[in-house]
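The following blocks contain the structures, represented as structure tokens.
Shared between the two complexes below is chain A, which has chain B as its partner in the first and chain C in the second.
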Partner chain A sequence: MMPVISVIAYLALAPFAGALLDGLDRKLAARMQGRKGPPLLQPFYDLGKLFSKQMIAVNRVQILLNLSYLVFLAIAGSMLFAGADILMCTFLLSTADMFLVMAASCDSSPFSTLGAGREMIQMMAYEPLVLLMAVGFYLATGTFHVGEIIRAPACAVIAMPGFLLGFIFITAIKLRKSPFDLSTSHHAHQEMVKGITTEMSGPALGIVTVAEYYEIVLMLGIVALFFLNRHWWSWPLAVAACLLVYFLEVLWDNVSARVKWDTLLGSCWVATLLTGGLNGLILMFVR
Partner chain B sequence: MAKLAKSPWLLHYDGSSCNGCDIEVLACTTPVYDIERFGIINTGDPFQADILLITGGINHQSEAVVKQIYSQMPDPKVVVAVGICACTGGVFKDCYNIKGGVDTVIPVDVYVPGCAARPQAIIDGVVKALEILQQKREAFLARRA
Partner chain C sequence: MGMQIVPFWLVPILILWPVLAAAVLPLVRSARARGVVVYAAAAGVMALAAALLGGWLAAGAPVITLYADTGGVDHLMLAGELFLMALIIVLSVRYRQYPVILLSAAQTGLLLYTEQTWPAAGAFHMQIDCLTMLMCVIAAFVGGFICIYAVGYMKAYHRHHAEYADRSGFFFSMLFLFLGAMFGLVLSENLIWMYFFWEVTSVISFLLIGYTRTEEAVHNSFRALWMNLLGGLGFAIAIAVASATLGTVQLGEVVAARAVIPIAMLSLAGLTKSAQLPFSSWLLGAMVAPTPSSALLHSATMVKAGVYLLIRLAPALAGSATGMTVAFIGGFTFIAASMMAIAQNDGKKVLAFSTVSNLGLIVACAGIGAEETIWAAVLLMIFHSVSKSMLFQAVGAIENCLGSRDIESMHGLLLRLPALTYIMGVGIAGMYLAPFGMLISKWVALRAFVDADNYLLVIFIAYGSATTMLYWAKWLCKLVALHRTKEQVTDVTHRDQYLSMLVHAGSTLLLCLLFPLLATRVVDPIIMELFGEAHDVLSMSVLTTMAVMLVSVIFVPALMFLITRSAHSQIVPIYMGGANEGDNTYFVNSYGEPEHLYLSNWYLRFDFGMRRLMRPSVIVATGVLVVMLCVIVGGAV
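On to the complex of A and B.
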């Protein structure tokens, strides 16, 4: 019964939670830059506007691919919140991203084609750590099963602090934060217009935005997984950890400039090796 | 005050401006004037823009571009002409290559005078445009329903 409730809660509430977090992000970023910033509910206004605008479709497949992106992200998140296999969840996460890449490459704009290429480079950068992390959970708790990981006697993070660090690193890519927002940007740097979303207007962009809100909640859900155990106090601890990680991402976003793709790839792989790789090796020897 | 549109995304295009007005437009997007408090995002993408901000008069080269950008913006949308050049052609009005103000090629909703237009005037113009955008949005939704 419990998994059903949490999946329904995820599917229904994640867009709201994601939008609120996004609003918080924009408010925080504005304060860091000494501005007042938009209202907290601005992302809701944005979504309302996007879905009420005229639909200019560049072709018939794009909207379908956008919807697939949304659906696969929702399924990936549901797997996590249902307490299913974490490995499966990460595979679905990359499948979802492939749909976004296809949606961006199916139109004629050179900017979105460039964005699609960069999105694939980003996937290459973060994928090793995501897979290693699933293995890390297995080494630390003896199972890939989320439902069992959260019933472990102690927080997983005690055995795998390196993986958490690495995960915070790649979450910046996943949340499209500077310095790694190569494929598209929420901010005013426009060296390739809007990259991957250049030819998406109105409702099509709205769908991608909702999908991204699902993704934010999914990523924070994985952060929470590092902290959850069978004691009740691990839940408030996990929530606090998620908020802290989100704050760190916003901070990082505001203090760093965008890097080039080769720096992205290099730094990500080095970070993966130093955090996940080292942590994984130690875990294997200890076992 | 009339109801303002809540999530206006802005696109800036330079028709043939001397760059004076452009610099003032860019000044508006700096933290000092903080246009994001109105929910405004400065986007470079016509597909996602609601407000088209044009500086400078229209010449024979920029005419096709302005028309294309305007046609790529989804309804409802508004156009703001910033600076006297964009309003009427200004000092360049009688030049052989200038067609005139922006309204010679696309419909303009708000005219912001000045040479160069001050950031305060530009923000005033944009806020005026938000009112018009909101009216257009309501009319658009009523038409669709």
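On to the complex of A and C.
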């Protein structure tokens, strides 16, 4: 019964949680920059506005691919929250991202195609760590199953702090935070207009935004996985850890400038090797 | 009992039928009649394989050994080997490639000497079991349909390439001769027999690569030849050592004895045949051959002979130094080839690198030699044969339509050649997207490498998956861009080509849908035969998850299509920086003139180019191979 409830809760509440976090993000960022910032609920107003707009599209396929992106993210997240296999969940996450990339390429528009190309580079940059992290959970807890990982006697992070570090590193890509917001960013200072979402407007953009809220919650869910164990106190600990990680991402976003793709790829791959790679090697030896 | 006798009299017919077709085809002059003969021969191959499979299944899928006493055939094979040597010598002299002669003469001489000095006791020569039958079915059906495809393809090929002499009769003859040799190879249990068929496939591959007789083709064909002959020399040494020390040339007994030197030498042969680093360049060069031969020999079947042999050796490789070396070479090839694939814009080159890369993964699985990894290896082999052969055929068909196989010229192909693009899409999705077969097999391989405590392979697979994803994803995106161009393209693909590609596409989807059945009915028995036991590699919950994923991948986009079809939307032109001329193709540039939009893919040539990565990869692989061979052979002597 538990998995069903948590999946329904994820499907129903993740967009709200994501939007709230987004609002918090904007507020925090504004304060860091000495501005007042928009109200906390601004993302909800934005979404409302997007969905109230007329459907304007460059072709008839894009909306279909956008919706597929949303649904696949929801399914990937549901698998995590249902306690299924974490490796499968990450595979599905890549598949979801593929639909976004295809949605951006299908219009053959110069700016969104450039964005799609960069998005693919980003995927290549974060993929190794995500796979290694799944292996890390397997080495640390003996299972790929989320349902069993959260019933472990101790927090997984004790055995795999390197993986958490690496994961925080690549989460900046997934949350589209500077210095890794190459394909599109939340700020309108992009050299290629709005990158991957250039040709999306109104409800289509709204769909992508909701999908990204699902993604935020999914990523934080994985962060929580590092902390959850069979004791009750691990739950508030995990929530606190998620908020802290989110804060760190916002902070990093505000203190760093965007890098070029080769720096992104190089730094992510090296960071993966140094954090996840080393941590996994150690786990392999002590096993 | 009701137990039926296996119709093993079908075995020689299965081998000889394509050989007969190969003998007839060069005599048929008219293209139309040749087409009919090819259809009939291919249908015959498939029917024979199906009959053998049916009879074998009806008898309860037993392991059968055949032909204990084969004096006459042995002499025929010896004559065949001498003929192959003579052929190689003649061609090498004609093209001034003298070192090849040494390799060929050395192995044939060694074999003759071995057969005279240590004649092995008469035992059975062929064996039918699950793995053999699987290989036969792949060769017969994938191979048969490729031959059918080739009929239409070769017509269009020679219309495009008027500069090459039309030797289609020879081409088809070689394709069928190859099929016969492939059946012989996988059915052989006696190493001397297997060696004979092995050499035949090497020589056919050499002849097909040189089909166009251009300077490049001749050069590449000799490179393929010497590398494969090097493997053949390893094979011959293995036979010599096995018969001298063990007194047997049965593959099963060599594996059971875990004889170090023969196993190492056979592994070397397997590595060359499956184009692993440092021998990968022959497969890349083989892409100059017409596409059906690339699909048949260089992706679906012949290169699989290498991994087939390694899978047979797997129980002996497990935990040994040879196994470690093989696994390292495989894993290293997987990641190196997938990186180099990123920098390629020639469609066939990408497929070639991807083939080398996927074979690397299978080789790595075989090198570890554990139950789980072999499970993954067999599945990878099945999925790869079908998907990759389909991709090759689609690229060949596209090339005949566009006059180019450059991925850049495939921009917006969905609007120009929709049917071929859908086939490409199925193939590409099958190669890397969840939950298609390749990815699931990769998932199992990843877990198996962890269980085998081989962290290096885990790292290879993690990075290699990322690079694999990039080169497929960017190709797929190129295809689906809805870009209208003014140049007209007509689909010149023949109906027989479509038949073959559609059958392949259908099989790819079906293999995914029937995955649990495939796992329990096909793969588990193979593991059972190789290891004597088989555990469930995938639990039921994983299978259920996969079913959910598969259903969602197929149904979500379809459902979204139905939902969005009724939605009203206003279609507007795209944003192009300069003013859009209204057709999404031209924009106004800074001189006020219309400029054609050209969008290129990312190739990252300076980072992942072959020029940058090939030499270091070959050096690393050669170093490891040479050092480890010295250690292994030195340790055993």
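Just so we're on the same page, the second predicted complex is superposed on the first by the 287 of 287 C-alpha atoms of A that agree within 3 Å, B and C clash if a C-alpha of one lies under 4 Å from a C-alpha of the other, contacts with A are read in each partner's own complex, and residues count from 1 in each chain.
Everything below uses one rule, namely that a contact is a pair of C-beta atoms (placed from the backbone, for glycine too) under 8 Å apart; a residue touches a chain by one contact, two chains touch by 3 or more.
Since the model is a prediction, treat every value here as computed from it, not as a measurement.
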Which superposed partner A:R230 touches (first chain B, second chain C, both, neither): neither
Touching partner for A:D46 - first (chain B), second (chain C), both, neither: first
Partner chain in contact with A:L139 - chain B first, chain C second, else both or neither: second
Touched partner set for A:Q54, first chain B, second chain C, both or neither: both
Superposition-derived comparison: chain B or chain C, residues of chain A touched: C
Which of chain B and chain C A:K260 touches, first, second, both or neither: neither
Chain B versus chain C as contact partner of A:E199, first or second or both or neither: both
Contacts on chain A seen with chain B and repeated with chain C across the two complexes: 54-56, 193, 198-199
Footprint of chain A on chain C - complex, ascending: 411-412, 433-435, 439, 443, 446-447, 450, 453, 455, 458-459, 461-463, 465-467, 469-470, 473-474, 476-478, 480-483, 541-542, 545-546, 548-549, 552-553, 556-557, 560-561, 563-565, 567-577, 584, 597, 599, 601-602, 607
Footprint of chain B on chain A - complex, ascending: 26, 30, 33-39, 42, 45-46, 48-50, 52-56, 188, 190, 193-194, 197-202, 205
Complex contact set, residues of chain B against chain A: 5-7, 29, 31, 34, 36-39, 42-45, 47-48, 50, 72, 74-76, 137, 140-141
Sites on chain A touched by chain C in the complex: 54-61, 63-65, 67-68, 71-72, 75, 79, 84-85, 87-88, 91-92, 94-95, 98-99, 101-102, 105-111, 113, 116-117, 120-121, 123-125, 127-129, 131-132, 135, 138-139, 144-145, 193, 198-199, 262, 265, 269, 272-273, 277, 280-281, 284, 287
